[in-house]
Structure formats: structure tokens, C-alpha cells
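As written, the chain order gives the labels A, B, C, D and E, with residue 1 at the start of each chain.
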């Protein structure tokens, strides 16, 4: 029997396996469930799993293999920006579809890619707003791993904070290498910075493995959330599973989904997940992003009546599916989706408790309004504009057409 | 004590020993002579187990050695003073000597006095690293080290190489002393004829991997025998 | 004249000649099977395979470069990935400049990553890269100069053995961290991507891909020839003498530092060329290429293929990478077991690598001084054994 | 300024502010009634209002309920009762007696940081007169940090009764902190500044700096600035000591990560790429031990590390033994090939752990004696780091003894220097080889136990340390244990002095450049083996 | 490698002109004492960790002279050669070659290129190269790398090599790897390498160790032959051999000269008998 193939392009080994393996599993689960419901267009789905091994050029190679070699109809994959950048030309050349489930720095909108994770305006900015308004934070530490996502996010935040009247000396920016494990100096610097008499918070774009030693050091040096809260954009339930969260109660994270979300859809999802992957497994935001992305794809394919990429790409825009926090997420013309933004506090059991959320859904903005060069850009993949970086000032579609 | 029967030995495809027969008698000094590259060292390697025979057999103390490992042979009582000294360069002189303890029961673990009597220089240099010693000093250390093991048989591979004349004499005396007082069996590979003649109870001469002469020490003066040793 | 005679020296061995023929043949056949044979045919090589094979050949070139220093000069470089990456960056910078105003922001001067991080002007070291010729020079010069300076100091200070290995690793690691930094102006972690064309030809077209593939094969053959000529010459003998007993060569009046420096620099340039050819075929260059693990992998390819055989490492690189491509596709969850086992198996049962196995099977070559390996002591990690006492 | 005068002034000021003295204490029923209002407080502002009410009631009886709320234990039953859920038990929030069982699901009273902060303030006000000095001390500290004027009268009252000198001075500081902002009498403020500046720590700095930014009176502001400068200069001095400590502790981590390698690689000459994985195995052993303890013997958690140490040594040592017997022993004489084989082993081990334990981080908890920090002057020392330093030194001492003072150590060194000759001396080389490798691996395993306390336990753990380990061993001088120790510490300290100036990334780059340059100077590492022997 | 380290640093100092340019006696006035000497050591001392291996050693070798050096184990003979060849730096003292080249200012390759060749006490040959290539590498001439890339086999070199192979009786093993040689054969090969270098001064450390008596005689004859147009310093413990050489003998002890003169003179010196020859 003929099947529809779906590519899964997540690292199962190497440094990123720690985050990405779960996403592969969740995709397998979603596909299995869909098949139970009868598949798509009357055909069964078949997952094609490959391991790009946290090796960026290998991502491109594997993407090519999936699309050209295995004829997959869509690919769900990538975590790091560089892996996405690496496969972009491949998707463009071979005209296929990628669903990218992770929060990222924005500044991109590509015809073949659908960004189901958060853009900076769906995570970073609301989180800062929360701290500023609810916690009265006046002094900011922007701590990140030294790479593009933190750099860009911090650029945006810095511009945003300054626009809100925060003085230069009230912003401390700190970068660390990947996998940094000795946080003693930085945590004590943060303490010192926070001792200047203004309410201080840390906005953390620290990535991956480095978070665990960072939080352990925070705990050991007694940086309590009530004194200096840390709000993180890359720390979710998965990361907390490796930590004793008792000393970290009250530190924050901003996401579009928490496992603790109290909805039926979520309960169902968690139950299915635990049945599929194991009782002690947790869910997190990128998993929800894949959930949304996958359902959108299914819906779009059903609507288009074909898996032909061009047709699916067109029919994806405007598709709305339920998310797990009790609303609907819709695919915008800029290939980003609408999501609620939640701020949660870490609990002793490794879960987050939502302490704040945006009143409505926030639409992902591909081009930040807080960076001078990208402010005039908009993205709209519907005809007739069909452009990912339309410059409203010059009235031209930058780069692409000329 | 030690019997080498029809031993052959190969390095890769090249034969170094081709059917060597040899008998080392208990409590005697047996000398093995021969030009460069005829297979003397190879014979010793075969005896101490550093290189496997490709044919023939060696038995020691009545037991077949077969493929027993080098350390088992050492524990059975075969000591070695190798060609090229093979001192442990980063161990001190004392530690070099102490490596000989490995095959001794705990109670016997001491350095016999006659080692220092023979080679007083070792006593003064106990804490210097073996590798720093001069060539001759290393040679003395190598001999001392073998003595610490209290072996039943010592195989000396050119022990006088690089040693000053007075000490060569001492070594000669020591070898005799070991034979006479300790009943040690000695297999001596030498180039230094006078030394051999003086010490040997029995001599073997090798050429191209074979034993070409076997006889008492005096036979060395036989021109026929000498022929095997000239260029 | 002198040079052709020198290259001819590389043709002494039938193995090398055979390898050259095979490489060049592959360089021609693969594009032909891709372009000229109908897609339905059993002989057709699908489009996505061409850059993949091209990538293998680039890796093979890197392994060859490494073998020149490791196999013949005893320098276990754990930093050859740095030279590879530098060559790659030089080429990547040119390709970046070729994008011109077709970037997402439509900025004709600045690459995209500079635009969104608010850079105002092109950093000085980016100037010149709009010229292809300049970029080509830099492909050789950047790794070459780094290798020369690094080697000049290290060899002069008589850093050898593992000490040298580890500082090469420190070098590539430092470069990794440096290139990760966005402030460096090389695109940070994302590196350089989104290339459009080279010399005006569309990088995504099959014809250009095939041409690139052929060029890669050609350069691999050329490098092999050069390497063979080098090791076959008297200089090659000196090199091996230095490898085995560096102190001893000094007493013969040789200057091991200078001797090594030449091979080292040539090797770095070869790796750089490999990197430069790699970038357009793979479509991205990023600091990950500097990762110490990448350099170690190069060593692994070389060892698998057979160190000190020139041809072996080429095969090793292709074998290991083909295995990796294949395993990651068919055994995504268990391929590391397979690859790890492959490495262990090679060391245990193929002590001279695949090349050694083939040689043994052909059975014509004389055995290497294996006896030496079994018999003599291992000096701590391949530091040339002390020659003078 | 004489102390007496200051006190008089302060008391006077306090009286002048004339807060209404709290009346008779509310009784338990009253408190219960207030606590029960949590049942209807579904929004944060409502919760805050209840807490405020409890504070206003001024009765320490409210403390357990507040503490429970802070810890997330305060629950609302479907029938509207408010109870504390502690473990499996349900308690009455005021009397702390067992409460009647509840039908249906409990609902937690929600908190967040600002509420927790508020709870802290209120509790400190209520516990200022608690019988235990430690609690009073904490209360005073909290008030000092919050400088919450609402607590002033409670503080005054407590101060009047206080007998413990230490607590008393803390309370005075707290009062000063309040008065600094609450009072508008410059003299009172000046006095307060003096007290705070004398305290001289980071919190004092925070209080003074805040005030200095907003002071209305120029003189007072100048005094505050002066105080700030004074504190800053003492803190700067402590900072240097702090950096050294950080350096030493980082160094000891590096040392621990490297010391096993100093044996397998340094002594034996095996380029052991799987070293990191041995460390990882040690860390996972700790995880398994803790998991077992959590599930079966929760009481023994404090000893989990002590149990894990020998086990980790065994596990890693055993894997090392198998590796040596299975692979490495075929490779003596071909040291470079060990790189290839051990690289293969490391891939396999990594993937095996990933398959068995999953790719995610695993939680390894810190026992109490490994958590938290204490102060030496203004230098904070975390217990985990301190124990790791101590542990590293112990490992070093033991290893040094084993290698240099025991017959086995001698044999190990002899074998690795000349295997063939060692065998001819009667040393059982295969056995010694296996043992040496197992020892090196085992040591790596116990390093893993230590690292599990500060880093994440994931399949990648080994990879993060392998490069650093090689750097340390080579920097210190291959084959020399002292070199590894001093090398690790040096790199740690240099790193920590560079980091504040150059940042973590550039600092790390500089360290690498430093190593490269250093090796030019000393091509055989810090503790180079000298003499003819090594050429 | 203690000393070579320090020396590698000193390498960075500009090499004195003497290393490159031919020596101009007019520019470098030579003290008369060193005038016609080939090798001139005066007051040389060197200690290792406090142990004086060489102690106020003075030693002069005339142009074209052959000298035998004897002395107890550890007397400093090998260390003296190390000092001459630049392997070890003396703590103090003068070491001059050809009257006015200060050897302490040069490194091993430079000294080797000036024409000082050396045979090591423990034979050190290039094990992974053939016997013939060992000699080829030692052949006098170009020592730079790049020109060696373009080196071509030529009859002259081949003939020289064959000649040497004959002399050291390894002709039949010409194309075998040096690793396959026995200990004594390596000794011979190393002597061959020394011959191939054709240096002005040969330093020969224990050439006959491990040789049969017949070979020893052969070696003595060979050395005498060489000494006709070269200067030679031979270290040996084999008195028969030293006698065969028939040259002036120096006896070192504890780092300095104990006795010097004809062999008969030296060997009758009671001190020499005491510390060296034994009774």
C-alpha cells in the first residue's frame, strides 16, 4: 500500500540529542496516532527517521537524502538555528516543506519553512514586560551563550529596554561559551550587579547543557528568585528534569506552553505521550510546536487534497488548529503562528506554574520592529506579494527578486 | 639445567636461528660466541621468552618452557642482562633494582650486599634516574638488577660492553663468585674472547643461526675454531 | 621544468598511478552518469549524490593532507580541521560577497548577519573577497600562513609528540571559540550560508555541481601526486628520518624544524583547498568545522585507511563517511555502535588500515618492520624515540 | 560617633515616628478565620490581601500557614477548608493537628515571587520575638534586606527585649535600614548610614546604594555615597580572595577530570579518548545509586555520594579492565592506534548510555552537606566546591602514594617504561597493564561522582571534559602527577582572573593561547621530565 | 633534553656571522694558544643537578690528530662529546673549533654542518629506512629541505655509498631496513654513516663495543686509515684496540684529565690503574 512519507530530521546523537531526541519521539507518536485515525488522504503515514548527529553540514546532507532520496512530503526537524540555516537552501532548491518547532531569533521567513516555535516577540519581549510591570525590575542582566540566537535576542531586548527608559549602566550583558560549566564568577557578578539597590533580574538565553551547572550554582550561591529572578527562554520541563528544582523555586521561564497547562487537550496529550514514551517523561514547548505544526500540515494536506508542496504551502496559510493551552493557533502569512505567551515559575516538582499570560494570542513577527534594518520588513507569502522580506520603505521585495 | 633442542626462530620470513642445539649445565659457565648478527641475541630472546620459537624446544630445570610467558620464566629462575642495557630510564637506580623484587616472596625482598660490593657506583647513585647514568654505569645497573632476582640461571648478553677494564675484571670475578658460592648457572654471550676463555667452562660458537662448535674453553685457541670468529 | 620533473617523481609507484587514474575517472564518470544518463536508468546517479560524493572527496583530501604530516612526519595533528575550515571560510566569504544585494535585507554591501546585528560597515578583513582570485589566494594563504607561523614557533621550540598534538588541538579549539563569537564578523555560530552562485553560475544547477565535483576530483588527484612526489623524493626520506629520530638528524646537520615546517605548511594548504571545495558543495561553513572532534575524525579516517600510505587515507575518509551517511540513514539510533565497532575492528584486525589489508591480500609488498612494533617499546605516544642516548 | 549617642538618637527617632503599638494578640480562632480566606483567594491580589491581614494580626500563630504557602503546601479542599498537605499528611494550618480527610482534589493556593517576598517580610515581622535566636536572626536579616517600614514597630519592640548580642546588632542594622528611608531627619539618617556602612557587606551596599540614588538631602546623600565607596573598597579586596578561591575550585575540577587520564595517558601512553566516558559512567553510577536510594532507602540520601564513590570506581574500573583486556593490550607498541580504538569505544559507550538512560539530563541531587554556601568574611564558599577541592586533594594524595610508594606502583611505572624488560624481571605485565588501566579508569569514575554534583549528567558529559583533561595533563607535563595537579590549579586560577576582564569566551580563548605559548617555552610541560632519559 | 631546551631559546639570537660567512682571521684575532688547534676546550664545566659531570676540563686536539680517550664509566667522556656537538651547553668554559669558532654559540645542525660528525655510544640509526638510505641521508652535502625535493639519484653518490657498504660489510643487506640489523651490525652502520658525512672531525664513542676481536682489529685499521686526512677522537674501553690505534691517549676521570700521553705512559700511571684499569 502506498504511504505518505514524513521526514524527521532531529539529532539523535551528539550535543543536541539531549533536546532533539524527544522531538523525534513525539513525531513518531503523532504519526502513529494519525495513522490510527486513518492517516491522511486515506493513506497511511510513514515516518522516515535519520540522524544528522548534531553535525550541521550533515543536516543538509540528510535533508537532501530525505527529500530527494526518500521523497518525503514534509520534514519536521532542526533545533539550532545553524542547522536550519544549513538546510534552508536544500528545501528551497528541492521545494519541500520544513516545520521548525523551536523558539528562535527571527529575522527570517522562507517560503518552504513554517516556524511553529516562538519569534522573539512571542517570548522575550512579553517576558521582559512581565518582569518590568509585575516585579518592578529596573536592572537587567542579559546572560547568554555566545551565538546568534542570544546575540540577536539580546540586541532586540537591549533596544527594547532602552526604549523603555532603562539606562545603559542598568544593563549588563554577558556571554559564555557553549557548554560553559563553571559559573562561579558569573553568578557572583550577577549577585554584585544585583546589589546596586535596584530590583534586578536575569534574562537568560543560556543554551542547552550549560543551564544545569548554571542553576546549580545559582542554588548553591543562594540567589533566590525572590531577590534576583532569572527568566529563561531555553529552559523547559525537559531541562528541569535533570535538576533538583527545590532551590530554584520561583525562577521563571517564558514559553508558549507549559506541561502544567490545565486543559483537556493537554491532559490527553500528556497521557498519550506517557503511554508512548514512558511514565516519567515530560512534555515541553517545542513538542507542542510539533503538535501544532503536524496538525496544521494534516489539515492543509486534507484541504489541498494532495501532498504537493506548492499546494500545501499555499493551503497552510490560514489553517488554525487547537493548541494545548486552550486556544487555537493559526498559521500567519509570514509562516509564523499565533500563540499565547506564558510566564511560569519553577516549582519544586520540576514543573512550571503559570503566573502570567498574555491576554490574547500573539502573532509571530518574523522581522523584529526593534532592529533598525528589519523594522521596515514584512513577510507575506500569499499571492500576489509572495515575499518573505518585503521592504515597506522601498516597496521592493528585498533580495529575492532583483 | 637448560636445554635448547633444535630451535629455529624467525623474524618475519627471515630465519635467525636454524636448528640450534645447546646444553647449559647446572652450576657452570657456558659461553656463546659468534660474529655480529649470527643469532646470539636471538637465542637469548628465545630462552627468556621474548620471541617465540618457530620450531624446536627449550626446557629449563627439566620442564618444557613451551610458550610460557617471559615473566613466568623469570619467576622460574631465569634472569636476564640484556644487550643494550634496557634500564628503566625514569626509575631511580634504587627502583630499577627493586623491580627485581617482583618474583621474590616478600621475605626475600632486599638487595643483596654483594651487588653494591661489586658495583660501588650504584650505591652512590641510588637516587639518580637510571636513564641519566653513563653507558657503563647502566650496564652495571643491568647486571645488579638481574642479581636482585636471585635467579637460578642468568643469561648475560655481552655484559662487558662499554665497561671499564677494572670493572670487567670485577664482573669476571663476580660471575665466578656467583657460580662458586651460589651455584648459579650462567649463560654468557660475549665477543670479548679473553674474558670468555678465562671464565667459560664450556663454549659454543654460532654462525648464521647454527651452532658450529661446541667444546671446552681451551678449544678456543684452536685456529679451526678461531676461523668462525674472524671476519 | 624542475617542477614537472619533481611531479614525475610522484609517479614512481604503480599504486599511486592507479589511484590517480581511479580518482580522475571517478571525477569524470560521476558527472556523466548524473547528467547524461536518464534518471530512470540503473546507472543514473541521482542529483543529491553528486555533492555528497564531492563532500567525501573533500574529506579524502583533508585526510591525505593529514597523512602527509602524520604518516611521514610523525606530527599527529589534532587541529587539521582548522586549516580545512579556514580554507572553507575564505571561499565562503567570497560566495557571501557574490550574493550582493540578493540577501534578505537587500543590502548590497553587508552580509545579512551583519545587517541584523546592526553593523554599519564591512570589517576590513572582508575587503578583497569580492574578487574570486583574491579569495583563491586566501584559500591557500590563510591556512598556509597560520600553519607556517604556528609551525615555525612550535618546531623551533622543539615541541613534539603529544605536546604538539595537544597544542594543535588548542589552536583549533581557540579558533572555534573565536569564530563562534558574533563579534568576530564571520557570522558566529551560524557561519556563512545561503550562497547563491559562484562566478555567476548558479550553485544549485546540476551542471555547476558536476563541474565542482570534477574539480574536487582533479585537485584530489593533484594533491595526491604532489604528496607522492614529496614523500618519494630525498626530502621524503629526510622527513621520515626526522619522524623516527629527530634528535639524530640534527647531528647529521639537518634542521628538523625547517624540514617539518615545509611539509606542515604544504599539508595545511592542501587541507585549506579541500575546505574551499567543500563549502560550495555543502552550502555552509560554520565554526563547527573547527571543533576538535572534527579534527579527531580526520585522524580516524586516516588511521582507518592506513597511515603513511597516502592512498589509504583517501579510501579511509571515503569509507568512514560513506558508512556514516549510510548508517545515519538506516540505523539512526544505533549507528554509533556500528561506527565505533568499525573503528575497533580496524585497529585490532587491520593494523595497517584498509590499505594494509589490501596490500596483504595482493601480497606483493614486503612486510613493514612489524617486528619492530612488537618488540620495541612504545615511547610515550609516538614521540620520536630518543635517538641519541 | 559614639555609640551611645547614636542609640539615643535612634530611639528618639523611633518614638518620634510614633507608630501605633500593636494591641492585644489575636487568638487562634481569629487567625484561623483569616487563613480560611485563602480558600476564596483565586487571584494573586486576593492572596496578597490575606497575607497582609495575617501580618496585621501580628500573631506568630500565622507563621506555619505562611510557611506552607511559601512552600506550596497550602491547599484548599473542595469543601472550602484550608489545609496543609505535607507528604501524605493533611494538617490544620494553624494548630498543625491532623485535619479531617478530604474528598476530591485539593487545589493549591497559588503564589509567585512577589508573594513569596511578601510572605518573607511578614514572617520576619512575626518571628522577631521567636524563642530561637537563629530565627530571630533570619527575621532581622530579612527586614534589613527589605527595609520594610511596616515592620519598624515590631522591630523596636523586639529590640527592646533582645538579649543576644549578635541578633541585637543585626536588629539595629535592620532598624537603621528602615530609618534610612522612613525617617526624614538627617541626623537619624546619618546615624543609620554609619551603622549600615559598618556592616560592610554586599547587602549593606545594596541598601546604601539604593538610598544614595534617591536621597533628598544632599549631605545625607554625600554620606551615603561615602559609605558606598567605603564598602566597595573592602569588597574589592575580598574579591581578589574570592577569585583565587574560584580559581582553585575550578582548578580542582579540572584536576579531577584529568587525573585518571594522567594515568591512562600520562603513565601508560594510551591516548584514551574514552576517558571522558569513564567520567560519565561514574556520574551515571551516582545517578543510579541515588535513584535506588530515593526509591528504597530515602533515609540514606545523605550518604548517597559515599556509597557511589566505591561503586563508581568499580564500574568505571571494570569497564576499563574490559577495555584493556579486550582492545588496548593488543595495541602496546602502537600508541597512536589507541586513539582510533578508544575513539570507537567512546562512541559506543556514549550511545549505550543514551540507549539505556535516555538522551536527557539525569537528576543527581546534592546531599545537604554538599548544598549551600557559607561566608568567610565577604567571600562566599559553596560547600560543594569546598568538598570537591578536599576530595581532589585526597585523590591526589592517595594516588601519589600508590604510584610512588607501593610495589604495584613501581611495577606500573616499570611496565610502562619498558614492557619487555619488565616482563623479563618477572613482573606480570598483562596483569599490571590491566590494573593500571583499571585504576586510571576507576579514578575517572570517582571524578564523575564529583562532577555530577556541579555539572549535568548526560551522555555528553564526557565530551565536555575530554579536551580540558588532555590540556591539563599535557600542560602539567605528561607522566607527572604533580604536573597534573599544579597544571589544573594554574589553569583554573588563570582562567578565573582572566574571566572578569575578558569575559568567559575571550577568557577561554586566552587560556588556550596561553597554553600554546607556554608549551613553546616548556615543550614538555610545566613539570617536564628532565635528563638524558627523556630525549 | 634540558640543555637543548635552553639552547633552543638561545637560537633565536642571531647566529654569529661565523656560522654563515667563512671565517675571516683578520676580523677575529685568535689567541695564539688556539691557533693551530682543531678542537680547543678550556676550563669547561657542566653539572647536572649539582653533580659535576665535567669539571674544569681542558682538552686540545691538533689539526689532523687522532686521539684516544679512556676513562672510567661516568668520567664524562660522552658528556664531553655532547658539549662539542652542541647537545649539551657547558656551564662555563671555552669550546672552540678550528681555532676560533665558539661551539657554545651554535646548535647541533650548525655544528654538524661545520664538519663535526659523531657516532653515538648506543647505535642510533634510522630504523624504518634501508641501510643504503641511511647512508644516503648521511652523505656530505646539501642539508636543506627544498633542494632535497629535487634531488636525483646520481652515479657519484651511489658509488660512494657502495664503497662505504663494502667497508662496513653490509653490502648484502643494502636494501633491508636498518631495524632488521643486529646490534653489532647497527654499530657498523653507524660508523658507515659517519664515513658518509666525511666530517673534518670524527667523534667516535665506543666503536668496537659488541664487536668480535677480529672486527675490532678491522675497525682500528679503518680508523687509522681515516685519520690520515681527518681528525678523530675515539672513546674506548678496549685497551687492545686503543693500543692498535697507536695514538696519544687521554684519560678522563671525574670530569677532568687525569693523565695524558702515550698509552704506555698512561697505563702505567698508578692513578689510572687505580681508577680505571684495575689490578
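Miscellaneous remarks
FYI, contacts are C-beta pairs under 8 Å (C-beta built on N, C-alpha and C of every residue); 3 or more make two chains touch, one makes a residue touch a chain.
Everything numeric here is computed off the predicted structure, so don't read it as measured data.
Counting steps between touching chains, the shortest path from subunit A to subunit B takes 2. Of all chains displayed, C has the C-alpha centre closest to the centre of the whole protein C-alpha set. Between the chain pairs C-E and A-D, more C-beta pairs are in contact across A-D.
In this assembly, the chain whose C-alpha centre lies farthest from subunit B is A. Distance between chain centres (mean CA atoms), subunit A to subunit C: 36 Å. Centre-to-centre spacing of subunit A and subunit E amounts to 73 Å, using the average Cα coordinate of each chain. Taking the mean of the C-alpha atoms as each chain's centre, subunit B and subunit C sit 51 Å apart. Each chain gets a centre from the mean of its Cα atoms; for subunit B and subunit E, those two points are 30 Å apart.
Annotation for subunit D: residues 350-351, 417-418, 420, 463, 479, 505, 508, 521, 523-524, 531-532, 534-535 touch two or more other chains.
Contact with two or more other chains is made by residues 1, 4-5, 8-9, 48, 78, 121-122, 180 of subunit E.
Contact with two or more other chains is made by residues 12-13, 146, 175, 177 of subunit A.
Remark: subunit E residues 1, 4-5, 8-9, 11-12, 78, 85, 87, 107-109, 112-113, 117-118, 120-122, 124, 126-129, 133, 136-138, 143-146, 148-151, 177, 179-180, 193, 197 touch subunit C in the complex.
Those residues of subunit B that touch subunit D in the shared complex are 48-50, 69-71, 74-75, 80, 82, 86, 88-91, 95, 98-103, 129-132, 145, 149. The touching residues of subunit C, when paired with subunit E in their complex, are 2, 5-6, 156-158, 229-230, 233-235, 237-238, 240-241, 244-245, 247-255, 258-259, 262, 369, 371-372, 387-389.
Residue ranges of subunit C in contact with subunit D, taken from their complex: 76, 153-154, 157-160, 162-163, 166-167, 169-171, 173-174, 177-178, 180-181, 247, 292-293, 296, 299-300, 303-304, 307, 333-334, 336-337, 339-344, 346-348, 351, 373-382, 386-389. Across the complex, subunit D is touched by residues 12-15, 17-18, 21-22, 134-135, 146, 174-177, 179-182, 184-186, 188-189, 191-192, 194-198, 209, 211-213, 216-217, 219-222, 225-227, 229, 238-239, 241-244, 247, 249-250, 252, 345, 347-348, 353, 355 of subunit A.
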